[in-house]
């Protein structure tokens, strides 16, 4: 999994019928502090995330191992909202502080 | 999933028999504005996309989770045509404007 | 899928028994004109390709979705020989011309 | 698999229910000496690893081939704690020495 | 698949029980001549390879398509020992010569 920050949303009306009802979030990979760092991609949301939150996302076939995404053509899913990242004994990111 | 713009097509007549009837689109990864940004690859089309459109594509085993691509040797599928990308509260891309 | 040109072959006699009979081609990713561009890798051949041809290959679990490669430890398969690549309304590559 | 050093932990309370009970470790890819080298990512822990240890992790669908992670949306798992790395006839890393 | 040279070994005693008995080889991607070129990673050995040999390895779910690795958390497997690489009509690597 990678850390990422939710930075936006993507709307698609003409799409694979099985993706109906999924929310597609624009996310950007981030480092332990939540600072932008890496690729921008689109992930299905399985946990009710919102713009600005730091999340964990899983890629590949793992992205279909949720009730929402099972059997659907999605290759990335947000599967956790991050509360805290600890690195080298320090809390680098805390959800309450960072927003 | 990644955002990409459809930039062309690929024709192959000698190919795996199970890929018969699939349309192979040449796509280029793009950023939230639809501007070129990243790799150029080939994806099967599951939604009737056309050259110039910004689309969402899925990679890996996810690319076989559509009726068209099930059980076929394809590793990328266009599974949505993008209407709007919102980033930081602004609509960065709107289908009608951008073409 | 990616475009690639077949640039050579790889011979292995001590190998997984299930890969017996597969042809392993050395391929190099290429752009829409067939010009070298990207990684060199090894793919199983499912379509009778030859050195010099521009091909489409699929990676990951997709590489096992052919009769030849089903259930075998291969992660890349040549699944089409390219006749034409059209980009921006122009034929960038035509099989007859390019060889 | 890649070598990585465990550098921290990630806490998430709002997450996919099936990930309940998994420990998410922040890991950084490392070279044969255990020196930092490459991406920082998050892996589920299947072997009771601790911060500071050099580990082996597996990605993709392999990450679900443990009792702990089976059927869960995780794409990276720590599946071994490294005791020794030998390169070119020399022990480049030994667990006891390096900590 | 990619070409790689076996450059070392990795020892792990505390590990996923299902990986018991597998040999973990440190491999470095190489070019058609066998020269180092690319990432260093760890692969399970399915063919009895040794340090110094040039091999073919498969990644992802393909790595579980051998009797040794079936159902185990490994994402890379050495599935062939390379005898010869031919590129542009020339033998760039021959097993006997190169060692």
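Chains: A, B, C, D and E, in written order; residue numbering restarts at 1 for each.
One rule holds in what follows: a residue touches a chain if its C-beta (ideal position, glycine included) is under 8 Å from a C-beta of that chain, and two chains touch if they have at least 3 such contacts.
Everything numeric in this text was worked out from a predicted model, so none of it was measured.
**Q** In contact with subunit A and with subunit E at once: which chains are those? Just list them.
**A** Per touch definition, common to subunit A and subunit E: D.
**Q** Take the average of all CA coordinates in subunit B, do the same for subunit E, and state the distance between these two points in whole angstrom.
**A** One centre to the other, that is 33 Å.
**Q** Using mean CA coordinates as chain centres, what's the subunit C-subunit E distance in Å?
**A** 21
**Q** At least two other chains touched by the same residue of subunit B: list those residues.
**A** Residues 59-61, 63-64 of subunit B touch two or more partner chains.
**Q** A student should be able to answer this: under the defined touch rule, what is the ring order from subunit A, with subunit B coming next?
**A** Loop order (subunit A start, subunit B next): A, B, C, E, D.
**Q** Quick one: which bits of subunit B touch subunit A in the complex? Just the residue numbers, please.
**A** Where subunit B meets subunit A, its residues are 1-3, 31-32, 46-48, 56, 58-66, 77, 79-88, 92.
**Q** State the interface residues of subunit A toward subunit B in the complex, per the touch definition above.
**A** 7-16, 18-19, 24, 26, 40-43, 59-61, 63-64, 71-76
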